[in-house]
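Quick one: the structure is below, and I'll ask about it shortly.
We call the chains A, B, C, D, E and F, going by the order they appear; numbering starts again at 1 in every chain.
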């Protein structure tokens, strides 16, 4: 049976930390589906269409990575793409407690779905989308925290 | 002197975790008053009148449990109902740090009021109102995280 | 039914932090039994007989405080003294995680026994027996971290 | 070379905890510039002009303290005032993880700028602007958490 | 290529928490090797031969689980059994920080080896070997925290 | 007045993380004294004379760094070398809580001494002496976690 994992997040924006998690997880799974969560209650800084294009661009040479967006419960997306694994990266102990609650509730509701965690590389620990967003919003240069090969000009196309 | 505790929260919604805390605390106190905090600055997902009815329904056979709503400082409610104890459940270490600051400030302002903590049962640790709300908002079945005997249909009556 | 709580610890030594927890908990319970745990596997710095005398001295005017020593499981001591509550103070989030595991295992084995927590006063947060012991071992003056009315000379009577 | 530190924050409001950090840091630096961060995306409870006046009033006898406001990246403000140090107080381990990410990203972008931390005094640990704001909003008396010598009447001049 | 994971630990003793981690991880890997770490510097409570027999007994019907002991660096054992994954369960945020340091150092020294984490089930969160050992040492009944089908009499065969 | 800081630790061994903290702190102080704490109750893995030689070697070109050993309370050493600052690096939130207690007790006993913290660089976060020691004990190559220019052969000269 094929081992499919989803990698859900708001990716606002997708950072080198996210990229690293996906690349390191690739040997463990037959396929990794990056799921851009759409939350109608929370304004996104970058447009969904940009996020989709950027992440696809990052993994354009990885046939085992797929990128999709989804609105609704993460476990419903797992069923849609036949994934049995939810992949998440953890940086800090606050991340951990947040992830643990969600993973345990998901497990309780859908025992067949397993959440799997890998830890960010030390150098990526401080990189989070909120800080990166803040740098971009104020006109700073965040390119060292973003995947290679993206057109930085495009990052000016954001809300707010 | 009667030992009265209040159990404050936004209960948006009241979960099996909350219910368990109240039931376990009952032998310690002569009376437990569940206080639904009303925060005019923060939109509630469920209506106050529904919260009140649901929690009263859960404890309808417990003469030592009272349910009220309150807008304002928690310590002021303590005085109103002659309570000397503020009861709180703690699940995680992030909960702990948040609760500690509030309890210590309350103690500083009102030394006669004591905050008392019990820890959630392990199986309730991941259950928090925010996750339950998210499940309900997206049409999932959260009934296993809610007290028995409630009419689940009613949970469709919410904001957003 | 009488509400009896035990307050277990190694109290090596008993600090102003411990004293404060007992005094604040007294109104909640009809009796608080301070239980000095004896661990045959771990060397104690102060002698058991000294610990017993010091703690009894601290509460000599409190008829509702009893002081005893115990070797073995804490829950067995609860049964011996008819206590239904285990009282603990928490200072930090590391304390919290340690206490949570013990409290939840105790609850699982003896559902009728409840662990109850209060948080130390802010000014007592850094005071722990290990640091106090270290000061005494190196000849420093730790009297401000110890209960009033003790004969400080006696603290020279220790192992090591 | 002059050692200049900035002390950035939203100070909504400036508490005795903040005051204590600045006073304790003064001997370490030749100058400390309190920087009131202006975040156009987040509503402030107190008006900027009030914050500026209050903090200047607190340090009116300290020639080595300067008070300014700034909108934008903190590191840009460092350059503007020739500061090589960013001073921050830490109260809790959640504070710590938040501060660590920001400090490490700043260091990565501007290796010549160092973030320096001192820990709040134990009695100030529970004092945070959010709790103080909540007390003021509901008409409680928060004066014991605010610097001496301020006109408390003025604190009624706030948003919301 | 076969996906082999090792599950290292001192297992002093192996609990239902450990068992659950291995069973949940089995679908993710082609083989899981339980590695009982031998630390000549730290006295083990249970004898190595007993640990080996117990864990083999637990997984006697699982052809994809192997049980071995190892003295030395965990990464050396990975090479010995051709494992590319180190599997660990995490219960609490203290666990997390401990595991993160080890995983990141291992990754730095052997980039081809990946540490993979799953979170314990909520009901297993408080179960740790140290607490279980303490119960057994004092003659309590720890059978509910140990895998089914073991001969409890045997647990009397321990050091100390 | 000269700003002197001490940097205390057991340095068993001194790692690249320690080295980085000292180098980054140098511009803040006129002098940094590395204090190797001698704890007669706890066996050291490396010999004191080796630790002294190694650390002196690391900073042989830094006239503002001094290296000494000390047995007893850290604050007594501060007085001996006329230091008003205790410098510490923090890596994780467990580090933080441990450091906070010690710093706050020191401040309480000697208000004129200030503990000052800087955060390790992200890539040094997982590097701690205990893990490095473990690698060396088992014959692994820990040189990438140790300061440049040391003779690695010498690290075979250790206890145990």
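Quick note on the criterion: contacts are C-beta pairs under 8 Å (C-beta built on N, C-alpha and C of every residue); 3 or more make two chains touch, one makes a residue touch a chain.
These numbers were taken from a predicted model, which means no experiment stands behind them.
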Subunit C on subunit F, rotation in degrees - Cα superposition, rounded to nearest 5: 120
Geometric centre distance via CA averages, subunit C-subunit B, whole Å: 30
Intercentroid distance (Cα basis), subunit D paired with subunit C, Å: 38
Contacts with two or more other chains, residues of subunit D listed in rising order: 92-94, 97, 100, 103-104, 108, 122, 125-126
Every chain pair in contact, whichever chains are involved: A-B, A-D, A-E, A-F, B-C, B-D, B-E, C-D, C-E, C-F, D-F, E-F
Of all residues in subunit E, those that touch subunit A in their complex: 3, 24, 27-28, 84-85, 90, 93, 96-97, 99-100, 103-104, 107-108, 114-119, 121-122
Subunit C-facing residues of subunit D, complex: 92-93, 122-126
Residues of subunit B defined as touching subunit D within the complex: 41, 72-73, 75-76, 93-94, 97-98, 100-105, 108-109
Subunit D to subunit B touching residues, read off their complex: 92-94, 125-128, 131, 134-135, 138-141, 144-145, 160
